[in-house]
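Letters A, B and C mark the chains in the order given here, with residues in each chain numbered from 1 onward.
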Amino acid sequence: MRFSFDKLFKLITLIFGVFIIVLVIIIFYQLFINSLTALRAFGINFFLGKVWSPVKGIFGALPFIYGTLLTATIALLIAFPLSIGIAIFLTEIAPRVLREFLTTIVELIAAIPSVVIGLWGIFVLAPFVRDYLQPFLAYFSFIPFFTGRTFGLCYLTAILVLIFMITPIMTSIFREAFRNVPADLKEALYALGATRYEVIRHVSIPYTRTALAAGIILAYGRALGETLAVTMVIGNMPAITLSLLSPGYTLAAVIANEFLEATDRLYISSLIGLGLILFIISFVVNLIGTLILRRLSR
Amino acid sequence: MIIRKIKDKLFTLFAIASFIIVSLPLFHIILTIIVNGIGAINLEFFIALPNPPGVPGGGIVNAIEGSIILVCLTMLISFPIGFFGGIYLAEYGKGPLAETVRNLTNSLSGIPSIVAGIFSYTLIVIYFGFSALAGAIALSLLAIPYIVRTTEEALKAVPNDIREAGLALGLPRWKVTLYLVVGAAKPRILAGTLLAVARIIGEAAPLLFTAFGNPFYTYSIFEPTDALPLLIFNYALSPYPDWHLKAWGAALVLIIIVLSINLTVKYYVQREGK
Amino acid sequence: MREVGGSSLNSKFGCSILEIRRNIKLISVIIIISLVGYYFLIPKYNIVQLLGAGATFPYPLIFKWTQEFRKIYPNITVNYQAIGSGGGIRAIIEQTVDFGASDVPLNNKEFEEARKKGTILHIPETIGAIAIVYNIPELNGRLKLSGEVLADIYLGKIAKWNDPRIASLNPGLNLPDQDIIVVKRSDGSGTTYIFTDFLSAVSEEWKTLIGPTKIFDFPDNIGDRGIAAKGNQGVSGVIQQNPYTIGYIELAYAIQNNFPVALIRNKDGYFVEPNITTIQAAAAGIVQQLPKPWDSWENVSIVYAPGKLAYPLSSLSYILVYAEQRDYRKCLALKKWLSWIVTEGQKFAEELHYVPLPQEIIQLDLLAIEHIRYLGEISSLNGSIKWYNDVITCFLFSQRLEFVI
């Protein structure tokens, strides 16, 4: 009697577990089937085409792939050192009494809903970029990143928003990792007369390599997929340009904006195709990150 | 020697500066929301349905009801899946099948919220129409990996002594797992579920083309519904100043809910840890 | 072997009564949740919700209508979401909504697509206009523009506010030496269609290059002086927040936000502003030539209409609905709703800056509404709902069994 209940229980949990595999397969399938029309119509040019024109019926995903990768990568490049700095601050520099409190503050950032950050972005950050940041950056307009005029809704604002959103993710992983660096390794170096910076640079960081990598990749996955906050501040114009002050578009933003209004089969199918691209990119990135984290815990 | 000291000081400065750079916007956001949103908060805000633009007054009770319905429905769908899936991974989780489940779950956790919306649209909306159900299914895609991971970690953190003690007393395996181990891990599982709730109550992207929005009360899960983040999104992009005010008010309500949940969970977990 | 928590009352499954008692809280919670859940799962007999989606232009009016309508018929709620004319057309063709709304009638391709699923009806519910709005903080008067100049601004050929061609139309105005920032809609929009329809009528170059369309890309000459915004809402917001911008939005939005509105030169050569009189003048000519509601309305347009007072950027706004309905309740509710808005509802139009329908169009609409009918048998008023749902709802929630309108 009891045996069969054990097996039954195991079976139930197994079914739910396998359900997740089935779910992922269904997601892929649905996205793929519904984008077939577009893929068949454009072939490889769907991924490489530079033109996205609902008017002419030509749909190429390149501007959005560019925008997604551009914003996520630059945000990551800036957020990474910031996260390390904050993680060190929280584990070593901050007064012990305040550490919990300050950590909570950083983790609260991750809790703020994306749409609220977008709200703040439209009404506060975008005008700030337009009125204060851009005139400041105009001095550096010889750098191709900072040329042109802006209305506040541009790649730069989106990047700032992304930095703000992915830093807490990396910070919490890094903080855990730095805390787990064995004290005797650090003390050995301190005993030799090293400064805190040198200890961090030569012990903590190399020791936590894998965690750093995992954190980077997970944050990157998040940045690639972030939808609402980016949609509200990015300016909604497909643009393959180096100028960060130009309005732009990402995969997630164009889907959010245009999905409900696409009137013909090809248009809808192309948008779902963009969703497929986005899903594959973020899925692969997250998979790599998880595998690295798994290797870390061995 | 001096250079080394300077590098050290610079680094310390950098660390402090990073913290300030990143926490300043947080305070500014919260401050802005409070300052802008407090003007919208009154009793009518929580009780009344929205008025057309230009007509003063009105409230957001449709969004509040919608958010409640969506959260309940999403938890109803995703909690069993996540809970039992987590149990599977924690208790029976060795071997290639379990590994695959684990890896796929974690990869699913990164799904862009808009893709969850598209998925629900192609599967549900086309056949059943815009509905709270479609919205809940989209939100479940986001919640399930979260709950699986939380449950698995919570169960793994329960020391083996409990399991062995239960088995030694003659309890069948399933009772050991379901009653003893889960019982011991209950606080953590609860905490994780609450965090999942905090996460999905603030998501609007999956709802854009599933829940559709509704300026009246929702009476059925097969009907469209509004939600707090969806309302914020729509009102923020409208040209009416009174709707902007309501968007800030709704943002204030949302952020109070989300931050309360997060802080409560944190406090609770800290207490358990001691 | 000892059983934990056991007593002599062991049942077959190894659970004891003590365990059930312990779980009573859990069980009662589950029961309550099931009841609440069941309430939300069952269809409600005496409440109907109609879904509509489409143009952002009539949104303030339609929302007002849904509120007023609900006061008279409390158990019919109409849920209208403004997602753009393109979205409305797509939604009604895909039949994910009960009615669509669009500022532009179905073109031939869309009409053919819609016809595959039934008889699509065009029901104009109001008349409106596009206002050309601008944000020039220091301007000391009202801007006058002609269609040709407007077309060239949007083609990028006129780049500065103090361009001689603009100045010649506006003697005495202190036009600044600033770039013109041009704003367009980023979504598929009937507003854009009306605007480009007008530009095509006045400018050969626009007609060949872009033509009348629901969505267009900026010509290269615009360079970095162009912004795309989503919805009438988005365009209003961009113009409010950025100086030296020019854009096109529905009149109601312009008035509500106190935007300065440009005077446009009409076909007869007069500079008119959009208001009830000028829009009615534009619509006056078309009423005799409207097609039957079930035919194609592709060529119906009151843009650039003749008449001394006619405002050239006027347009009818259409409700799109299928004549064949498959849900009895919704069919009744839909007919009630549509009849009300084209008759009683029109009295709310003026105060919201929309133009009430002329009598001819109202008659045409009522003819169309008569053609909406329910396909299928009416065995009981409850249609295809299962009988046990009747009993349970009646028992638990005391809902009335008959559908009351």
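Simple rule for what comes next: a residue touches a chain if its C-beta (ideal position, glycine included) is under 8 Å from a C-beta of that chain, and two chains touch if they have at least 3 such contacts.
These numbers were taken from a predicted model, which means no experiment stands behind them.
For chain pairs B-C and A-B, the one joined by more C-beta pairs in contact is A-B. In this assembly, C is the chain whose CA centroid lies farthest from the centroid of chain B. The centroid of the Cα atoms in chain A and the matching centroid in chain C are 35 Å apart.
Averaged C-alpha coordinates give centres for chain B and chain C that are 32 Å from one another. Averaged C-alpha coordinates give centres for chain A and chain B that are 18 Å from one another. Shared contact sites, meaning residues of chain A that touch two or more other chains, fall at 2, 5, 260.
Chain C has residues 14, 53, 230 in contact with two or more other chains. Multi-chain contact residues of chain B, defined as those touching 2 or more other chains: 172, 237. Residues of chain B that touch chain A in their complex: 4-5, 7-8, 10-12, 14-19, 21-23, 25-26, 28-29, 32-33, 80-81, 83-85, 87-89, 91-92, 97-98, 100-101, 103-115, 118-119, 121-123, 141, 144-145, 148, 172-174, 177-178, 198, 201-205, 208-209, 229, 232-233, 236-237, 244, 247-248, 251, 254-255, 258-259, 262-263, 266, 270. Note for the complex: chain A touches chain B at residues 2-3, 5-6, 8-10, 12-21, 23-24, 26-27, 30-31, 34, 81-86, 88-90, 93-94, 100, 102, 104-109, 111-120, 122-124, 164, 167-168, 195-198, 200, 218, 221-222, 224-228, 232, 252, 255-256, 259-260, 271-272, 275, 278-279, 282-287, 289-291, 294. For chain A in complex with chain C, the touching residues are 1-2, 5, 53-55, 127, 130, 148-149, 151-153, 235-237, 246-247, 257-258, 260-264, 268. Against chain B, the residues of chain C that register as touching in their complex are 1-4, 14, 33, 37, 40-44, 47, 49, 51, 53, 60, 63-64, 66-67, 70, 77, 79, 81, 94, 96-97, 230-234, 236-237, 240, 253, 256-257, 352. Only residues 12-14, 53, 83-84, 86-87, 89-91, 93, 109-110, 181, 186-188, 210, 213-217, 224, 226-230, 238, 241-242 of chain C touch chain A when the two sit together in their complex.
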